[in-house]
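Below are two complexes that have chain A in common, paired first with chain B and then with chain C.
Up next is the complex of A and B:
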């Protein structure tokens, strides 16, 4: 017997207003997370605590600033290649190449041997430029087999992450580790090479933030460069066409290989900056084994790029949401609403609901009641 | 691209820039106006050095791992719960677990903004960040576990297990039949190298007398918590190196469970030797009732109780912690020898199934020349180190720790006053080789006792240790 109702999924002719979907998806995601947490804890985790944590999480821009900025830069970098349907999963490797060269410049390079040779500003510009070059180079290496052998870039960029991790591991375990106590980490990088986070002292009150003005400026510059590249340059245009119809490019006589190389290299170059930001802004050293210490911005950045629906302008919004959710997780723990495992369930269930709803927002579900013939 | 999203982004960016600019402005004006207020933290604190302990102390613990690891973080959290109950009239506690080094600044900022005034950071890798945050918040008290950097408002503390590993080693030397002893190490950092050596020194002291050629095989994991690798490494040592006694530094119970399987197989006649093991950090007998011989137990609450009482009494302030460095040994009660703690508080020092074996093996005490059973030897040494009460105060201030080795006893009015334990495993003659450069030899002359600084920078293995590299 045929079921009398059938379900039909159709593409929306007129898309919903853009803001409706993210807001709704987030709200439903939070609701789902609250229900799941309430369920798994047998009523121990109060919905109110969760809501308070989320509220605080979103309203503490001074605490999530660092995560927000670094995730935004990764997101922008990934977007450049994703626009061309080149899936750069190698953000981690590109980040660690940037981090590696930063540590080298400030601790082990000829520049580092002669303190005072370069001022703090020149020093920072030097390692930033080198991080861009090395991040780009690392992505370029993955782009070669993609362009010339037509090998899938996903496994290649992914494997390059591990190569990068292990190169850094070898350095940190070997020639770079601090000698005094023998711990497997590099010495702390000199303070004048740090991206300092802002601390405000007034009338005995101390207000520390994770915001580095320099990194914020870098984000804005990166954002403008990427926007200009994608919107006003031929390379940007070709990358976008590559994403939609590579045959069109080929038939118009454009060197597709070159565009693939450019898309991945530019992507990696932008992400390389995050490595410099990560070392100079947060950790101030590298410690072994890096694959376990990594904040994994290279992977989380993929989520940021996806949640932005590959719209540049939405990348910071997505980065803010994710940074806020992680921050909400810390608040939940402090409030005693649950440990790290609960926080992971919380962030995971919000993000999966959110992602699913965003993806289906272009479609609508229609039920059709069939009439029997007779 | 819709306008709404554009505006959303613009607004967020504006907020951040605005907030930034606002505070930057405040900083600038502060600098122009007072000089001192916006100046260096040191100057700022120098002006208001009077400090009254808060009526309610809000203390927060930050853990590197999950408290469910049943090792390091678990035992710190046990300590937290005990002091929270003891001092509940004036102490409020919370914790944040599984915090990575890069999330530490954000976590500390969050805790301070919620009014927490005492913060314990319980991982070596938190050291630099704790010092940086300590400089930013000169009025908050920080205590960092296992590091060596301090500030006026950042003290350090550590409960050292090397004496207990030595006692475990004595037992291992008696129990091994193959003479091959294993050690699964998280990392070969000085702390763990010290434990490996102490364990090996104990094993050789007893094993040699019994005619065994003691060799200790070390595999490194590259992780503090990695049950799969730990299990695989222990399996390798058991199957490829004929290891029948094992100690380890890792925060899970995986190795205990593996050892129990092997020992049960031996008891059923399906394996040719057992695998005895010493539980690490938390009492682990329940995970291996036939295989767990003894182990190292930590009581962080002993240190937390002391720190918090002294903060409450106004003894510790944010201005005088520069030389506060707990390095607590057996006599302090912060560490102990045992496989299990029963609910009524009694401790199982040595598994009663295995104790009779140890009571039937006779050796000579190298200090006195007396003949006694291995069991009695372990207990005698334990008592010696445990009862060195005059040692405890020297284990608190930085800069005084070395006195323990320099003056283990002094003479007053012709009487010998015992300060530290009459016995320490790290007393020459000892010989070894550098971990990173095995051709470089290290010797400790007869009678020389290694001091705190020697132990904390130890990067050499005694000769009968073989470092096999990374396993798992």
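Up next is the complex of A and C:
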């Protein structure tokens, strides 16, 4: 006997609106995470607690501001190279190069420890510029074999992360090692070089936030620069065409190698800023071993870029969602439900659901009921 | 089945029962109706041509038959029973197999390996030895020579297409859809293919031949259905059809513009481009161009005739500097191009129309305006989108490009309209020199002639020089001021177009 219903997978003529997949991925991903957490905790972590934590996570912008800003910058940076189908997995390395140079500027360079407001300004401008240059340089190194030897950039950018980690490790264990207490870390950077977070005082109450106005301004500047680059410059257009048909660039007389170098370098330069923000805004030092201490924004940023479906305007939205889930993870730790790995459960579930669902943006599933023909 | 009454059955009488019937097929795309209630009957043992100008809906209709698209309204009957075809697999289960423009084969594998891969997928178990035997059997039956153990990269385009046909045979095809797969073959090889499909027909097979070339339909088909703007405007038997009747159906009023008269001659003045003893390597390291020398003057069309694969492509690519050359010289207005890049040529008024537009000439995911702005001729550094958009609107109007807007991604246009975007952009770029390879191949007759007229007019009035290689002799004789014949990498003859004789040119081409 023939089964009366058959399932068909059909190619879509018109792709789905681009927000459908990310929204579904989030919903299903969170559901999957809840089931996993419920299962592995033997019912200890109740779905309700998870939902409440997530709800709170979303409603605490003052707590997730820092993560949101840094992830947004990484997302924008990655988007620039992803638009050109150049898959920069090296965000971590680019971040740590930015972080490394920031520590050098404020602790060991000729302008280190400059006192006062003027000193703070000089140091900040210097390490931001150098973080951009170093992040860009680190990505540029990966871009060279991609452009000239046509080697896949994914493993190269990935491996460069470890080289960056170990360079920082060597510095932290060696010449930059703080001698006062003997921990494997650098000295704390001077307070006037920090990105200070806002404290709100009202009715005698004091609210701590993680919002740094300076970093917010940096995000806005980065966003506008990337928007302008992609929308109004030929380099931006060439990067977009590179992702679709490099042959057209060739027959138009555009140097394809140069565009590959630019796409990755610009991407790395933007992400380098996050290294400065990370040290000056959150950790205030670097400690050993980097690989374990890293907040891994370079990897989480990939999720942000993908959830944005490579639409610049959606990057902050995606970053806010991921930052909220980070925050939810912290809330759950406060509740005593699970450790730091909870965040990874969320992010992993969403990423894998997203990967599965991306198929439906191009294909649709149809059910056909077979009628008997007489 | 009232639609059957349309076909006149006086001379040629097909069997009464159609193998495939389309009933009221309608397909809408954002902004356009691609197919508007199409009814059509296809009879077994016939070659049925589906003709239409660019964007008439031919490809859409075939994709529906092959399950790549599904219709919004209407449906398909096979042997009078309604069927749902939602994937190529479904189509194959009903004995429908497509042979497309671009052969779906893996270059590194042998013919037998390629076929075993694609056949196993459909539940056909066979060893390499057995499949080789079957390939030989089919090849023999159809009178072609083919060693199943040849790697596919060694085959010519035609031979790859033959492999596709053999695959269709081994799949047990009852109906073969040929989507412009013959359009790009050289005439000689095309004739062999006609025999091939006629042979298939005599064995009871059915062929649906999709083409925008009228002569192809007239040469091979028993029945001809013409689509125009998504509607079936008439089905004729071969005996009823003549070129004027078909043209009127295809183009309506525009059919009056079709002429193969020689276009008015150019105004040659000074020398523009000189090529001296040029040697260029092909994709496999062999010398595809062997010591070519020629001169193109301002205000003339210098055309290169030749059978595909005689070095024209490599010569053209070397001139626009996307393929390196080993020896010789290319000089543009006194400047040696050895150390100049394609970029230099582009910003100095050189237009380039490559073969295979979707692969080399446009980026289909990007919009029309982006495909224009990508040329450094129109934007350097910053992009003034308003300027580009108004240029795009002008070109859309001038070339009658069918698109909802200049911001539409090129992939939503039909093949012919994609080619128009490319041709329009490049003609507008070419203020000095136009370099082209088969510039009108993907265009229907009326549009192709229009493009030739625009090229010639530009050459005459603005003193642009044009170097055009083409496999279409009609095109060459219509547009050229001078004709060179290229054979095995060499120029074997140059003629003044006025005095050139077609027979002589043809003789040199196949010599």
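Just so it is clear, the second predicted complex is superposed on the first by the 291 of 374 C-alpha atoms of A that agree within 3 Å, B and C clash if a C-alpha of one lies under 4 Å from a C-alpha of the other, contacts with A are read in each partner's own complex, and residues count from 1 in each chain.
In this section, a contact is a pair of C-beta atoms (placed from the backbone, for glycine too) under 8 Å apart; a residue touches a chain by one contact, two chains touch by 3 or more.
Owing to the predicted nature of the structure, the values given are computational and were not obtained by experimental measurement.
K.L.:
Specify the outcome, clash or fit, for chain B and chain C once both structures are aligned onto chain A.
P.N.:
Overlaying the two structures gives chain B and chain C room side by side.
K.L.:
With both complexes overlaid on chain A, does A:138 touch chain B (first), chain C (second), both or neither?
P.N.:
A:138: touches no partner chain.
K.L.:
What is the contact status of A:249 with respect to chain B (first) and chain C (second): first, second, both, or neither?
P.N.:
A:249: touches chain C, not chain B.
K.L.:
Roughly how many degrees, to the nearest 10, is the angle at chain A when you join its Cα centre to the Cα centres of chain B and chain C?
P.N.:
Computed angle, apex chain A: 150 degrees.
K.L.:
When the two structures are overlaid on chain A, which partner does A:233 contact: first (chain B), second (chain C), both, or neither?
P.N.:
second
K.L.:
Looking at the overlay, what does A:127 touch: chain B (first), chain C (second), both, or neither?
P.N.:
neither
K.L.:
By residue count, which of the two partners contacts chain A more extensively, chain B or chain C?
P.N.:
B
K.L.:
Just to be sure I read the superposition right, which of the two partners does A:165 touch: chain B = first, chain C = second, or both, or neither?
P.N.:
neither
K.L.:
For A:195, decide between first (touching chain B), second (touching chain C), both and neither.
P.N.:
In the superposed model, A:195 contacts neither chain B nor chain C.
K.L.:
I want to verify one number: the closest Cα approach of chain B to chain C after the superposition, in Å.
P.N.:
Once the two complexes are overlaid, chain B and chain C approach no closer than 12 Å between C-alpha atoms.
K.L.:
In their complex, what parts of chain A are in touch with chain B?
P.N.:
For chain A paired with chain B, touching residues are 17-19, 60-68, 180-185, 188, 197-204, 206-211, 213, 216, 220, 278, 282-285, 287-289, 292-293, 295, 311, 313-314, 316-317, 320, 326-327, 330-331, 333-336, 339-341.
K.L.:
So in the complex, the part of chain C that touches chain A is made up of which residues?
P.N.:
Residues in contact with chain A: 29-30, 68-70, 81-82, 84, 86-87, 320, 322, 341-347, 352, 354, 359-366, 370-371, 373-376, 379-383, 385.
K.L.:
In the complex, go through chain B and note every residue touching chain A.
P.N.:
The contact residues of chain B facing chain A are 1-2, 4-6, 8-9, 12-13, 15-17, 19-20, 23-24, 26-27, 30, 37-38, 41, 44, 48, 60, 66-68, 94-98, 100-103, 105-107, 109-114, 124-125, 128, 132-133, 136-139, 148, 187, 189-190, 193, 222-223, 435, 456-457, 459.
K.L.:
For a test of understanding, state which residues of chain A touch chain C in their complex under the given definition.
P.N.:
Per the stated touch rule, the residues are 8-11, 13-14, 232-234, 237-238, 240-241, 243-245, 247-255, 366, 368, 373.
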